[in-house]
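Here the structure is laid out as structure tokens; the discussion comes afterwards.
Labels run A, B, C and D following the written order; every chain starts at residue 1.
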Amino acid sequence: MPRQQLPFNVLKTGHVELRVTDLERARAFYVDLLGFVETERDGSCVYLRGLEEWEHHSLVLRQAPSPGLGHIAYRVAGEEDLEELARLARDRGLPARWLGPGEERGQGRALRIQDPLGFPVEFYHQVERVERWLQRFHLYRGAQVMRIDHVNLHTPDVKAGQDWYVGTLGFMVSEYTETEDEPPRLWATWLHRKQNVHDVALMTGVGPRLHHVGFWLPEPGCVLRAADILSAAGFEGTIERGPGRHGISNAMFLYLRDPDGNRIELYTCDYLIPDPDFEPIRWALNDPKRQTYWGHAAPKSWFDEASLVETFDGVGLMEVRQPELADRPAHVGH
Amino acid sequence: MPRQQLPFNVLKTGHVELRVTDLERARAFYVDLLGFVETERDGSCVYLRGLEEWEHHSLVLRQAPSPGLGHIAYRVAGEEDLEELARLARDRGLPARWLGPGEERGQGRALRIQDPLGFPVEFYHQVERVERWLQRFHLYRGAQVMRIDHVNLHTPDVKAGQDWYVGTLGFMVSEYTETEDEPPRLWATWLHRKQNVHDVALMTGVGPRLHHVGFWLPEPGCVLRAADILSAAGFEGTIERGPGRHGISNAMFLYLRDPDGNRIELYTCDYLIPDPDFEPIRWALNDPKRQTYWGHAAPKSWFDEASLVETFDGVGLMEVRQPELADRPAHVGH
Amino acid sequence: MPRQQLPFNVLKTGHVELRVTDLERARAFYVDLLGFVETERDGSCVYLRGLEEWEHHSLVLRQAPSPGLGHIAYRVAGEEDLEELARLARDRGLPARWLGPGEERGQGRALRIQDPLGFPVEFYHQVERVERWLQRFHLYRGAQVMRIDHVNLHTPDVKAGQDWYVGTLGFMVSEYTETEDEPPRLWATWLHRKQNVHDVALMTGVGPRLHHVGFWLPEPGCVLRAADILSAAGFEGTIERGPGRHGISNAMFLYLRDPDGNRIELYTCDYLIPDPDFEPIRWALNDPKRQTYWGHAAPKSWFDEASLVETFDGVGLMEVRQPELADRPAHVGH
Amino acid sequence: MPRQQLPFNVLKTGHVELRVTDLERARAFYVDLLGFVETERDGSCVYLRGLEEWEHHSLVLRQAPSPGLGHIAYRVAGEEDLEELARLARDRGLPARWLGPGEERGQGRALRIQDPLGFPVEFYHQVERVERWLQRFHLYRGAQVMRIDHVNLHTPDVKAGQDWYVGTLGFMVSEYTETEDEPPRLWATWLHRKQNVHDVALMTGVGPRLHHVGFWLPEPGCVLRAADILSAAGFEGTIERGPGRHGISNAMFLYLRDPDGNRIELYTCDYLIPDPDFEPIRWALNDPKRQTYWGHAAPKSWFDEASLVETFDGVGLMEVRQPELADRPAHVGH
């Protein structure tokens, strides 16, 4: 590892804000069925966290006229990191604005920028500490969601996206996918700051769109249990893909579509990466074990559909752009 | 298997009635913490069942001035079996009486006898069918208790007890324990009518006493989860022994003492016995892997303490008698 | 339950003989990957059993020029049951012959008949007892197959098949599927002698064909592990369907195609049926949760393909007949 | 978090070298029973790793005349970190020496020091990369050990030990134990560089001694499986404590004594700490849920016994010193 040269230190994916059209319905899905812990709510938002988390929220559901992504937030190591990131945004000419303490509930001052991929991204350090429910086993419910793990983003140019995240923000590559062209082209990449497989993945696709938010479960049995609970409650239609094992990341997974169609992944069994010189793992786009290690093809909807992204001014949704590369393996039909 | 010669057909251990001194406190333990389903309650009793069960109840908690066993109930295949069992009781001079339909809630006519071991035993066939919650996964709670599995009884003379259960009632031996005397003497026996390891076990001890009631869980993870939940709720003091693996029966287990001191076992991973000519498995009393396959000794309380048994007239508790044989392995102190 | 009127007592599905075209290859699949225990082998056969089993074999792989079913075997309670069954075959005019002791390795005298559905069925009682590996945990391998559970058969007329199994052989119905016709017609049925969901299932289809043989695993984790192991060894192509949860039977499952295309099911989490008056559970053919509780459709191959069945003289394969009813739910294409 | 001021970056606990008196016997325990992967061996050592690891070894078994700890090794981020650490040792007057590349198999140049607690500690960066078996599921064996997790050390003065690890080496505190004195005194501390609960724990005790080495398993089921496998193979005597759930760290655990009495912990279900400002969790020494969340007391041997530590010159074993504070909770006898 090169000595840390960057003037800021991004720690992890901290939270995601999803737009939902019916707050009660969304709350029931995330809290009553999946077992998120509700920290608090106000007129327009519900603030949720996982059982292992001590931050005020890792998922915000916000009432909005249409589904989609509100913003992604990365936690940084200190207040001064925010200053450095504001300077970076200014230097790059990226739209940016400060949020005052409490402007987002449970959070101190924060910086929002529109990143070069078109996503509204927040950086924050100060956050309200709430009770961690890790050992309140008698209150565990549903899928036993432990913590937010990652976001997965559709972007038309993964190479450019990786340059931003790795070259500028200091993320590290754990695994990646290349086309079978000669020379091969980067098709997707898994990037991390915290020490597991990813905080963010970038996949070639119509973008900017949020493909999914991943939440971490304590063991594979919880993935199965989530599918059982959803089906018993009449929500089997929310199960889009899985349960299965990923080739990439080694994780056991279940992909769900929330009542607004926003996609989340229940995810466990990936691995720890304490070494910054971990050698990234390469996958070929058309390797049938890449997506599902057991050989199952992902459904067409998994490639076609993703959440639109709020514009930086919050008044609309970002226009999307087609990728130059194919947006799926050859064995998945259009 | 010899052709079925008996004029009656005992199917299984159907339910157990426990005496508790604080009905609300007991209900909270069994329902809120362990996850039993409450079918109904009346002034003096709460009627509970497991997630896989369709009978009105498999566990009755009855308000009483002291803890203990109310009665054990075995289900028989038909009404005419009850007549035959009444005849048997009369022939043997055993105390017996009929309960009218509904005298015990959710149940048709039933026969109660005092068996030769001194236990109040009920036989019934007709029972109210209620909804089976097997696939209501969103309502699963606590340890996910599936069904009643067995009772374990302390009796001073296991040989005589086995004669009654096997010779008269038609139970079959799955496993048994002998002393290391020459010739060896029968110390404990596991007996079944349904096709798993036991409906009833008899252990040498001060009796008649109920050692424990066993309930079946779907997998080992639920045994661990039960211990976590109890501890998180401040009930770690109810955990008497385990989690562990039995040598006998191969089951994963957890022994609990309910708020009145009645002992229950959470139990899973035993095996199926579809063959009446299954060869019983012999264990030596002092084999350290007999009780806990991993070599852990059971605590002294596990040998010392058990629930007293209601007299047949219901007005008192049965006097107990000391066994002739030692009531525990040599490696467990008195 | 009516008093047992039948002059014989079928205990359970005891074993199945599969035809394989490459004995070594098949042995490697079942033993090295799935973890069956090899009891012994001779020039043409390999004799396998599960970890919980004490019988000489529950699965026989026999070298043959083409894949398919050799025979199905049911264990009966005693030798005299065989005489009664021979009388039944004679009365019904069913082809029948006796096998001498040892004619099938590890087995005493046995009766083979061709049943009215066209399947070669063996009844046996005497069998060589071998060591049960239940507590030889250090020798557990692969999917940890515990025991044979059931056979699933394609037959053009399920109603007639159920008449034979229930009316004549004394099997009991646990669950069944009806069409949505008015009046509804029986489309499939799950039948048991041992006390769980089934020993045999009959499904409407081109028959007589063996759809699959089901083997029981100790817990859902073993189903996932089987998929991982197969994929790691390069056998992901053998995974046809699952892992998933059945609506019918509640089981967690994984369907595999062995190297010859014979289909097996790894199966766990069904339930116990100690009561002969268990009320059968009805499913509608087009209920999307019937096959997979999570709503996943079974693949087309699962309906199209099945193993042909050896003729009673062993020299050919049975011709098959089309069913009158549709052989799949409406949502599965032809 | 303060900006990283230290001139070196310790990444994680990298490996441990244990002294064993019978190399074959030790190898059989770790490889055949516990499922470690053997990278290679030479005349005096066996080099082992876990299924998730890509380094040449995380555990070295070295033939020696008596059991004990050979050395502990921490991986650093780069070669220049070693220079800085050598400078630190010189400044502090700590015994230190360089190992040339390959002097320890599979490893580049390394620095060995005797730390202020008396332990032989190695720092290394360059290491031979070998195949990671994470997705070779068909080769998984035993307890499915994934990776080394931590070392736990007995030292008479935990406060001084923490000063060294936190103040000098840059470790962070995740959890700690204090006496119930007024003011309370530090009794034990859990310290990490990688992002989970610990790389090293220090406990008040006779020291310097190695209390145990912890290895990480993928899920609680593997802890149970380890106990089953050991018992089936006749090694139940190696199980010293557990399976259980720790209050501290939340981990599921099993403590084993290898054939030489060296103690290892199989460990899983702790949590991720991506935030350097994680608020350390305080436990009172006599809290009965601290050690085992379910309330079980640790056995006396667990407090009494630990492995002696090789002197820096390798020719003897370090003398030990008694702690000033009590070396165990009040409820554990001496």
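The rule is simple: contacts are C-beta pairs under 8 Å (C-beta built on N, C-alpha and C of every residue); 3 or more make two chains touch, one makes a residue touch a chain.
Which chain is which protein? Per UniProt: A, B, C, D = 3,4-dihydroxyphenylacetate 2,3-dioxygenase.
What you see is a predicted model, and the numbers here were worked out from it, not measured in a lab.
Least step count on the touch graph, chain B to chain D: 1.
With respect to chain C, maximal separation of chain centres occurs for D (centres as means of Cα atoms).
Ranking A-C and A-D by contacting C-beta pairs places A-D first.
Between chain C and chain D, the centres computed from C-alpha atoms are 50 Å apart.
Chain A and chain D have CA centres that are 34 Å apart. In this assembly, the C-alpha centroid of chain A lies 44 Å from the C-alpha centroid of chain C. Shared contact sites, meaning residues of chain B that touch two or more other chains, fall at 135, 219-221, 228, 230-231, 293. Across the complex, chain A meets chain B through its residues 33, 135-140, 219, 221, 225, 228-233.
Looking at the complex, you find that chain D touches chain A at residues 1, 3-4, 9, 11-12, 52, 54, 75, 77-78, 129, 134-135, 146-147, 193-196, 216, 218-221, 247, 250, 269, 271-272, 274-279, 293. Only residues 220-221, 224, 227-228, 230-231, 236-237, 239, 243, 245, 252, 288-289, 293-296 of chain B touch chain D when the two sit together in their complex.
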